[in-house]
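First subunit A sits with subunit B, and in the next complex the same chain sits with subunit C.
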Partner chain A sequence: MVDRLIKKTEVADLVNRLLEKYRVYAPVRQQDMANFQEISTADQVDLSLANTTLSPKSIMLPHSESMFEFTLDKTANQAGILREVETDHTPRVIFGIRPCDAKAFQLLDLNFDTPAYKDPWWVKRRQITTIVGLGCNAPCATCFCTSVGSGPFATEGMDLLLIDGEDEFIIQVITAKGHELLNDLGIQAEPSREKKDMVTALQESSLQSIKSVVPTDSLKHHEATALFSADFWEEVQFACINCGVCTFVCPTCWCFDIQDEVSKSNGIRLRNWDSCMFPLFTLHGSGHNPRSQKLQRLRQRFMHKLKYFVDKYDSGVACVGCGRCVQQCPVNIDIRQVFLLMNDFKV
Partner chain B sequence: MQSLKEKMMHTALLLLTERKVDAVLGFQRGTIPMMSHPILIRHPERADQLHWDSFCSTNLANYLPQRKERIAIFAKGCDSRNIVLQILENQIKREQLYIIGVPCQGMLDRRKVQAELNGRELLGVRETSQHLHLLGEGFMDSLERTSYLQENCAICTHRNAAIYDELLAEPVSEQEGVDRYEDVRAIEAMTAQERWSYFEKLLAPCIRCYACRNACPMCYCPVCFVDESMPQWLGKSLDPTDTKTFHFLRAYHLAGRCTDCGNCERACPMSIKVRQLTKKLEKDIAELYGYEAGLSLDQPPPLDTYRPDDPQEFIR
Partner chain C sequence: MLNPYLPYPVKIDSVITETEDRNLKTFKLVFLNSADGKRFVHQAGQFAELSIAGKGEIPIGIASSPTEQGHLLFTVNRVGVVTTALHQMMAGDVIGVRGPLGNWYPWEQMEGKNVVIIGGGFAFTTLRASIVYLLHSDNRGRFGDITVIYGARTPGMLLYKDELKTWDKRSDIQMHITVDATDQPDWKYNVGFVPTVTQEKAPSAKDAYAIVCGPPIMIKFTLPILRELGFPDERIIMSLEMRMKCGIGMCGRCNIGTEYVCTEGPVFTLAQLAQLPPEY
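So, the complex of A and B:
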């Protein structure tokens, strides 16, 4: 599809027009951090931010979500019935998402939207959302997207991709949904040949600037049980404090827990983010915990991302190389080193 | 003159070669600037992996509870005070430990430094005694070290180890005339309503990752009350009441046990100033009992003991 062009000075107007029809989520500077949030005015958007502190996964998979409500009052006419809690399913746009985070949604589709199982909350949210990405002219030193099937201008998971070309953004049209959004907004201008060449050069230099590389080629050939029993886990796990930072900032960690909360006779059934780092994650009703040790929990996280997922879906690793866990682990456990240990493992 | 890092390597090598200890607990250089990585070294030939700079702020005492081997540990003032408390609380035995006191000039706050960069990417740092040099693509900035100390380090009055078997270098002079509770007094001066709003705002960004709890050397309960499931004391969602309950109870559990090492605040991915809670309790304990946590093996935390003359005005 033909690329389009928008002047940077017109972006605020574009966002304001989006806001007339859509709920818009965008990166916003919040005191010491930056995160995606639903915005109400265009001036909240900050496209200069590299990577947000938290990934935007909560836009698709809320940290805590009320799924059903129920009553314990046996005389009520709704007694014994789980009623789905109404959710706002009006159309929305994620504006300014980075390629790694957009790709993460696609990886999560492999879990939440399969021929056999369709998570209705996930599927519905995916349907109502149009995704406008933003290419990375200046990747961070901790970015390793190119090693894990993405890249600073990768378009997986996006409907449109904005590419920063100095005074203008070139808009790459990826899907029909994206095409429709542009037509809807009346964005018709097309970039000149020179502009396109300039952007290609930008993309090239951005790609070259990614120095952080991890190996993945041998992961699927290793015996899972041999990797599981590898000696290196002992060393990797030592510094781990078993907090949930890595899993909560990660765009591809999807594990959740379902809980009922009751106040008087009214109850709600919640789905909350969970973390394989927490002992409670695997605690059985019997009191037995198959992952009672820190080593077991840490190993699970890396084995799931870099081995079990690879074996199960044959779609690469469950990591998009955003580098958030690298930047934010309080004790500097660096997943890039675990890639190396696992990939280059010798029995 | 040998740097602290070289001295560490030398000491570790000696201790491991002479089999005085089974392992040495220290730091390795981090994989990204302004980060360090705690390591346990068992083999003398790996002593040269040890590292020391102003970002070795993790409190290493966090790795001690319930360990069985003989361990040498590099201890800043705060680490040593947490070791004292852990010994008093039977989490580790004094005779298992070889404590190497590391005089500390205060650790630097990577977030404060990050804020100076205005989005520019930091590729490395160099340190001199007074300055931190920031290196990146096309820039080299120099910062005055003292302006970028972690907040707890800026008001620290125990930079030298409280107990030790050996000192790595001459003790540093302790800061005097420090006002530790300026921020606490400001909160105390608020009306109840203002104070409640303040705490609500303070804790609103919490994502319940429990990094603050897990980073704390004094949070070693086999099962934390937030992880109890039969019965379950606390909701698991981001409900503000549940989140506040977690933070308030965690802080209360640290009354008289917190050394203000700052590990909690440093670990928080959302930059929440959780020390605002523990510092108030530290101040109360100081005023009521004249006690500072972890300075001596002869002084158990006041809430663990009973004295007939204990203050009790607050009970009424």
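So, the complex of A and C:
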């Protein structure tokens, strides 16, 4: 589809027009952090951020969300019977998401939208959301997206991609949904030949600037049981304090817990993010715990992302190379090093 | 689209205390809406999530056979928050059921074959479902010899005592009931651990499948005996337990390697388990 063009001075106006019809989520500076949040005015948006502190996964899988509600009042005829909580399903736009984070949504589709079962909240949120990405002219030192099937201008999971071309953004149209959004906003201008060439050069230099490379070619050929019993886990886990920050910031960590909460006679069943780093995650009622040791829990996280997921779905690793866990880990465990250990493993 | 997390409302029809320690109770559940009951079509070996509003959910094997119409049975050991709350409930109370979930014992594959069922303690629930299913007049002719070895710590800790007696009297099923120990002078069944009794009774491996459910220690010592008897790993079938939340392969905690126990399991052959990391 034909590319479009918008002047940077027009972006605020564009966002404000989006806000008239959509709930808009965009990167916003929040004191020491920067995160995606629902915005109310265009001036909140900050497209200059390299990337947000947390991944935008909460837009599709909220950190905590009410699934069902119920009353325990015995005099009510529906006492103890769960009913779905009303959820806002009006259309939304994610504006300014990076390619790695957009690809993560596609990977999570493999878990939440399956032939056997569909997670209704995930599926609905995916349907009502139009995704406007933002290419990366200046990737971080910790970015390794190009090794894991993404890239600074990759378009997987996006409907539109904005590419920063100095005074303007070139808009790549990826899907019909994105095309519709542009027409809806009346954006008709097309980039000149020169502009396109300039952008191509920008993309090339951005690609060249990514120095972090991890190997993935041998992951699927190893025996899972052999990798599982490898000696290197002892070394990798040594410093780990099982804090769970890696899973918290990760765009492809989706594990969740389901809990009931009651106040007086009203209750909700909710789901919260959970983490394989915590012993309670797998603790049986009997007291038995298949992953009682931190080595087992750390191994589960990396094996899941770089081996089990690869084998199960044949869609690559469950990592998009955003580098957040590398930046945030308090004891400097580096997933890039684990890629190397696992991929180049010799029995 | 039906929400796979939404339990069907059911009423507790009756509660039976199964064991002398009063820690195991069987709950007979009846669907509040008959349409839900029609949708709930299960196979022996599957499980369901029992839901108590305000407490949460627990995955429990279905103890009733698909041939028993109009209700579901669940035998529940009291261990945690939800099971304790359930044990305090009575006939007439409303809870929820979500399922059926997971896979089941490979009945089609076992057609025409002999079936050896080995159970210990309170893991006998889906085995009860299996025995009732196999003995049903529609099914009994489809299978060869049926042998059951079932053990508990004491006579009072056996589940389904009345049914055990009935099955023991039948000629189309070979029952070997055992207890670890007893001081009952009139105890007329076996005394000894399940692995030992399995070795003594030595069920033939010829054209036979073994289904094994029980505590880890029983499984650990029974498997070598089955191998000695000539059962190949492909015909030793086990049902695993794991902490679960969603029950539909999404929440991420019950995996063994690539396999989620809630969807790819809970039933695995020993041959399948040998391909997976030993983490369960």
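Going forward, the second predicted complex is superposed on the first by the 346 of 347 C-alpha atoms of A that agree within 3 Å, B and C clash if a C-alpha of one lies under 4 Å from a C-alpha of the other, contacts with A are read in each partner's own complex, and residues count from 1 in each chain.
In this section, a residue touches a chain if its C-beta (ideal position, glycine included) is under 8 Å from a C-beta of that chain, and two chains touch if they have at least 3 such contacts.
Remember, it's a predicted structure, so these values are computed and weren't measured experimentally.
Annotation: superposed three-chain arrangement on subunit A; subunit B versus subunit C shows no clash, the two fitting side by side. When both complexes are overlaid on chain A, the residue A:Phe228 reaches subunit C alone and has no touch with subunit B.
When the two complexes are overlaid on their common chain A, residue A:Asn272 makes contact with subunit B while staying clear of subunit C.
Of the two partner chains, subunit B and subunit C are each touched by A:Asp257. In the superposition on chain A, no contact is made by A:Ser205 with either subunit B or subunit C. By the touch criterion defined above, A:Asn16 reaches neither subunit B nor subunit C.
Put simply, the three-chain overlay gives an angle of 90° at subunit A, taking C-alpha centres for subunit B and subunit C and rounding to the nearest 10.
Of the two partner chains, neither subunit B nor subunit C is touched by A:Asn183. Within the superposed three-chain model, A:Leu283 lies in touch with subunit B and with subunit C [touch as defined at top].
Within the superposed three-chain model, A:Gln337 lies in touch with subunit B and out of touch with subunit C [touch as defined at top]. No C-alpha atom of subunit B lies closer than 6 Å to any C-alpha atom of subunit C in the overlay.
With the contact threshold set out at the top, residues 257, 259, 283 of subunit A are in contact with subunit B in one structure and with subunit C in the other.
If you check the complex, the residues on subunit A that touch subunit C are 67-68, 70, 72, 79-82, 84, 111-112, 114, 116-120, 123, 224-225, 228-229, 254-260, 262, 267, 269, 271, 274, 276, 281-286, 288, 290-291, 296, 300, 303-304, 308, 311-312.
Chain contact summary for the complex, subunit B toward subunit A: residues 30-32, 35-40, 58, 62-63, 111, 115, 119, 121, 123, 205, 207-211, 213-215, 223, 227, 229, 235-239, 266-267, 269-271.
Per the touch definition, subunit A reaches subunit B in the complex via residues 30-33, 48-50, 53-54, 63-64, 138, 140-142, 238-239, 241-245, 247-249, 257, 259, 261, 270, 272, 275, 278-280, 283, 326-328, 330-334, 336-337.
Residue ranges on subunit C touching subunit A, taken from their complex, read 1, 3-7, 9, 32, 51-58, 77, 79-80, 83, 93-96, 216, 241-243, 245-246, 248-255, 257-258, 263, 275-280.
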